[in-house]
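Chain lettering (A, B, C and D) follows the sequence in which the chains are written, and residue indices restart at 1 in each chain.
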Amino acid sequence: MNQSSTNKVGVWIAGAHGDISATLIIGTLALTKGLISQAGITTELPPMNRLSLARPGDLIFGGMDISDLSLVDSAESLYKTSRTLSRELLDAVTEELGIINEDILVNNNFKWNPAGPNPSMPTLTELADEITSGIDAFRERHNLSHVVVVNLTSSEPEPEISSQHATIEGLQTLISKNRKDHISPSILLVYTALTASCSYLNFTPNYGTKLGGIRALAQQQCLPFYGNDGKTGETLVKTALAPMFAFRNLQVLSWEGTNMLGNNDGKTLHQPANRVAKLRNKGHVLENILGYEPHSGVDINYVPSLGDWKTAWDLIHFQGFLDVKMSMQFTWQGCDSILAAPLVLDMVRFSEFAARNGEAGPMQHLASFFKDPMDVPEMALHTQFERLLKYTEKHLSNQQATTASRLNQAG
Amino acid sequence: MNQSSTNKVGVWIAGAHGDISATLIIGTLALTKGLISQAGITTELPPMNRLSLARPGDLIFGGMDISDLSLVDSAESLYKTSRTLSRELLDAVTEELGIINEDILVNNNFKWNPAGPNPSMPTLTELADEITSGIDAFRERHNLSHVVVVNLTSSEPEPEISSQHATIEGLQTLISKNRKDHISPSILLVYTALTASCSYLNFTPNYGTKLGGIRALAQQQCLPFYGNDGKTGETLVKTALAPMFAFRNLQVLSWEGTNMLGNNDGKTLHQPANRVAKLRNKGHVLENILGYEPHSGVDINYVPSLGDWKTAWDLIHFQGFLDVKMSMQFTWQGCDSILAAPLVLDMVRFSEFAARNGEAGPMQHLASFFKDPMDVPEMALHTQFERLLKYTEKHLSNQQATTASRLNQAG
Amino acid sequence: MNQSSTNKVGVWIAGAHGDISATLIIGTLALTKGLISQAGITTELPPMNRLSLARPGDLIFGGMDISDLSLVDSAESLYKTSRTLSRELLDAVTEELGIINEDILVNNNFKWNPAGPNPSMPTLTELADEITSGIDAFRERHNLSHVVVVNLTSSEPEPEISSQHATIEGLQTLISKNRKDHISPSILLVYTALTASCSYLNFTPNYGTKLGGIRALAQQQCLPFYGNDGKTGETLVKTALAPMFAFRNLQVLSWEGTNMLGNNDGKTLHQPANRVAKLRNKGHVLENILGYEPHSGVDINYVPSLGDWKTAWDLIHFQGFLDVKMSMQFTWQGCDSILAAPLVLDMVRFSEFAARNGEAGPMQHLASFFKDPMDVPEMALHTQFERLLKYTEKHLSNQQATTASRLNQAG
Amino acid sequence: MNQSSTNKVGVWIAGAHGDISATLIIGTLALTKGLISQAGITTELPPMNRLSLARPGDLIFGGMDISDLSLVDSAESLYKTSRTLSRELLDAVTEELGIINEDILVNNNFKWNPAGPNPSMPTLTELADEITSGIDAFRERHNLSHVVVVNLTSSEPEPEISSQHATIEGLQTLISKNRKDHISPSILLVYTALTASCSYLNFTPNYGTKLGGIRALAQQQCLPFYGNDGKTGETLVKTALAPMFAFRNLQVLSWEGTNMLGNNDGKTLHQPANRVAKLRNKGHVLENILGYEPHSGVDINYVPSLGDWKTAWDLIHFQGFLDVKMSMQFTWQGCDSILAAPLVLDMVRFSEFAARNGEAGPMQHLASFFKDPMDVPEMALHTQFERLLKYTEKHLSNQQATTASRLNQAG
């Protein structure tokens, strides 16, 4: 454990002024101060809590955003609209939020619509340079042993994908030619992050991590990365519940879902172009678990009064013995940022751990945290979670072996 | 597969005139006639469907009941009250139901209240003899290779348990002394079944299978048995869903359940004495999966208009990151007999298979079918189901080996 | 009561082969035969049941459809998909359904898309003549004292409305010029019905009844008519529940609704053009009752496995004292045809009664049966129902007076 | 309006340290300071807001409790457990809460169990004297024009009722003989309040107001009073929704309710003796509205983690046309104190108004606020609310007439 305790780990967040980011930063500070319990944090469960992961107090936050709202503004708005923070908690961290805010770059050119017009704006190269400089300065200023870049931006329209995306060189060419129709913000971000020696987490449904060129780059840089699309609500329940229908041979006729959201995510997803990626990730889960594709639809509605709270209602219509039709409904009333933030905390700790252990490429052991986990065929929550347990146990026996051998040498 | 196809297997049902029994028998007939799909039947899923299990058409039904309602009456009542059968289906099997009915013993002395008075009635020995003769005649009449006894009666008040229950001899003594306060109907049933060389399934929460004397008897007779309390509704969902909260370290504060039932089960469970066993089985599931015991209550209400339909509503109140309280609700609208009957079919097939393979004692691989599975510590549905998969795969590789060696010899 | 008992009343249904029509006809036959209770029928409640309304046995059914499916086919499909009819009930009426079917005109030209192309097909005049001949023959064949035309077709795209729609002459001109872009099927139907001396009920959201020209025609013909859009599910609940929030000054922030439908209505409404009229009628209800317009959305999803069953889920987010946000949800699981058919029966009886009493124009006392009741400002269910009670009481005191004077004369 | 604006009105609360009381007092202060909206307050709706009611700023709070928790403690606990108050709101009123607290008598002898033992404690006469002195001092200290006594205590076991309860003299005798088995706390309270010239509101299900002796006393003292049992949640919805089933002749087969509560009320109602009164009030509502008594049950469960939040789930099983069974469910997630407090505010204003206008006896126009409204036969929410509207309109036309005549005299 002595490695992590002497080193600071950077967390560079794209979308650093957003609700998840604010919740993550406040929560990490509050944990360090002992103001909250460890509820919601998977890495604090046994046996994960026996790994030598970076401690919450070792994490240093910075990042970038298109909005110049400060972290304190975001926190206050979260407090007022959603009542997920107490005034006392907010007061206890406000000063530190102000300081962290200085490590957040603001530039509304960090976002563009790949399918839209492309007026005179900073080129992709200029943007990449700005991000790289920001990360480098951040790393140096805080004397960081490693930086994890986390994408917490909202859904973006899909870029046009070509064969050039399949290689590092192809991506370089597209960037240098300023092809904003081919390079979406999330592609530029993961490219820049890996180039800048950062591990990378894609909490969004956006395209970046899926490209052959990115995969090659991660291997070349010997860096871990993973995604896509954090699993926090309806899909989480779906992947826990659908196996029950499968085990019992209960034929799911229809599984219909309705999501009511009041935050920015809801506003963005209300626009059809942004919704495509999100819905695709929600869709193929059932076919994977059930072995057939039931009728299935997912509605996403923007309901401003809900603030950061999400209410999802699912109707499951299924057929049992004698072909009798029965049904199940569930309502999920969760707070999006509260559910998402601890997953990011967990995965940042795992990313730094993987990087420290020289593991490169997709971190399949993080599958249970994502709607669309890379390189992992199974969608059932429990089989995904088993990957995390196995990974943990493998490293724990390594740790033990190392300790034993160290003790032997010392002896 | 040739073993099972030439042999008839008996299914001797205690509670043979009840809803589950009628549904099971009608469904098995309908399956054989190709009138319904295989929905709801776990043994028809791969890889279980590759085991050489008895085919539905090989099952011969008989049994006993305290009510002299005929099977056809029960089926008609199910049709009218709950609309789970179509008229066409019922018409297609009515004649056969009439014939099967002749293999059902009726005696309202098969039930007594261990805690109640004990007036002049047949003694336990007389009752045991009646059951044994019934089973023997049934076996002979249909030339059965094996008989599985299934307990589908309703909840009974708990008997007084003493050290005598821990041995075969103790049980014999209690029976011969006609101690109806110590020997409940379900204890007499399992004792008699095993003595009569039948394997045994306890689909009820009743006490019989849990005794040391019964366990010893099964070993002595080299017979498989299992229980307790079929898992068909709210608890099924609970054991599928609770692991999700555990994996994410979401602290369950309260998990409250309400069950509305309109069938005999609901009427019986409305009486506090009968409810004890049922509620106990529902209770300890959460502590097992979560590692702590949240506030938890289960209400059972008798709502006659629902007929055989059950509506369960659960409220789950949980705490996540920043100690924010969130909630989930689900409503389960299932038909009890429709959910229960195929489990009995599955387990009858597995029991005969185990007996044919000389396996004695508790069949832990059937854990996923029960609320309170014997000798199995884990309550999470997916880990229980894994036991079934492993058992199946072990036998499949044996089967393959056997087939291979037979082919070799033939060659 | 002697007037109605000696006379047969015709019910001419547009959409006579549909689910609501089949349910209505079967139910009316079953009522007459004493096979079902009076559940669902408002006119059988006191004091309405003391009016001299036509008896179910006096109603003779006929009509028209674009589909050549027979009534028996529709009934069988209803029986199979939705289990809302028992086999026994169906068997008891099958022969009569076959006979009634002979009074149903089939012509797939009865429907056209006003916004679509207009290829060579029967002209509006030809279609109107066909309908008129059909009704006339029906009236004569059965010696009917009066015919009520009921529109039970599905939603249609809206026609282009011009100033010509405001007068009888304008409508005549549009019809004679075969302007299918201005004259939708529902406009032609109500025009033809009134011209043929029939009273008219619009159970659909379609446009016909709303035109000035139709209103004038009803007055000229001295005929009652009413609409629009039968209120059977979510909106029914909404208009019962919203007043509660109004009375308590609980500010509704958002009222979001989701409708899952498996019948033809669901299929049609899945197409955006057809949905316009439907959603408009659902929308303005809240503003009317609450006095302000909360955020509100209504989703309509086609879920085939539900058959004729509809599942609606509504989320109501509201603000109370200290501006605290609270919420309510409801799930409505009803069978569309079963809920709609008795309303049609009720209103047919009221229409004939109004016609017999020489009442012309919109029947505002039927407001509680419609989502968008004509000429009635209030949307709260209880105030609408009060209109029916007042109307009934007025006529009951007339009836009493008449009886009293007759008895006097007799004496 | 000048009458009320120059006079201060006292609100003497039994249970002044409880959640509803704290919410009421904080809300009234916040309203006066303009910190919250008027949401939840019926008297701020037109036309009620045109009556010359006491203004929130004119209300002076005091009272009594058995707990010595201060008002500030209660408010802090409400803030922490239930997040219904913001820190800012609490800070803005804390000082005033401290001052109001000095007007609250604390004596744990204000409560006793009528069915329990009766050890040496203050006699009923001593307790009555203490309350009277408290009220008198409160009235004098604040120069109050009128005092309204409000019972906000929790449910109490029912006292033994005799013929002596039917007269003023009988009550006097029971009190002077210290018959705590016949005089429950709520009886002593209303007796004392009326004797001390206060009007009285019984927000609890407790017995006091129902006695003939109390009725006579109110008439003798010329004072208004009303009860019983504030209607804030499940029953509120029930009385809004049940008329819908009645209007449509939909036969309610079963209406089952489950209430989850986390506050003191939940804890108290968990004890069967205290539950009797509560459940009785919830029960007869359906029979009154529907005209028949469906199967119906209400469960009350204590779920501590919910704090002041209540979650109620109701299942309504009903039968429609063709005797088809359908169902509706609703979930009500409200905060008890937030729903109750504004009703108390409304009724205090109406009580003072009635007293000022010389109205004595039960205030039936307040029926819509109660589960078990005195002297009002109808249970449907809308007909109850109509009483309030009619009462208001009658007084408004009086006000207008008075103003008009005053203007005439002035002219």
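In this text, contacts are C-beta pairs under 8 Å (C-beta built on N, C-alpha and C of every residue); 3 or more make two chains touch, one makes a residue touch a chain.
Nothing here was measured: the structure is a model prediction, and the numbers come from that model.
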item: Set of chains whose contacts include both subunit D and subunit A; value: B, C
item: C-D or A-C - the one linked by more C-beta pairs in contact; value: C-D
item: Chain centre separation in whole Å, for subunit C relative to subunit A (CA means); value: 51
item: Computed distance of Cα centres, subunit D from subunit C, in Å; value: 44
item: Residues within subunit B bordering two or more other chains; value: 327, 329, 331
item: Chain contact graph, described as a line, ring, star, complete graph or other shape; value: complete
item: Subunit C partner contacts - residues on subunit B that touch it in the complex; value: 83, 86-88, 331
item: Touching residues (chain side subunit D, partner subunit B) in the complex; value: 253-254, 256, 258, 260, 295, 297, 299, 301, 303-306, 311, 313, 315, 317, 319, 325, 327, 329, 331
item: Contact footprint of subunit C on subunit D as seen in their complex; value: 23, 26-27, 30, 36-42, 44-45, 84-85, 89, 236-237, 240-241, 243-244, 246-251, 319-324, 326-335, 338-339, 341-342, 368, 380-383, 385
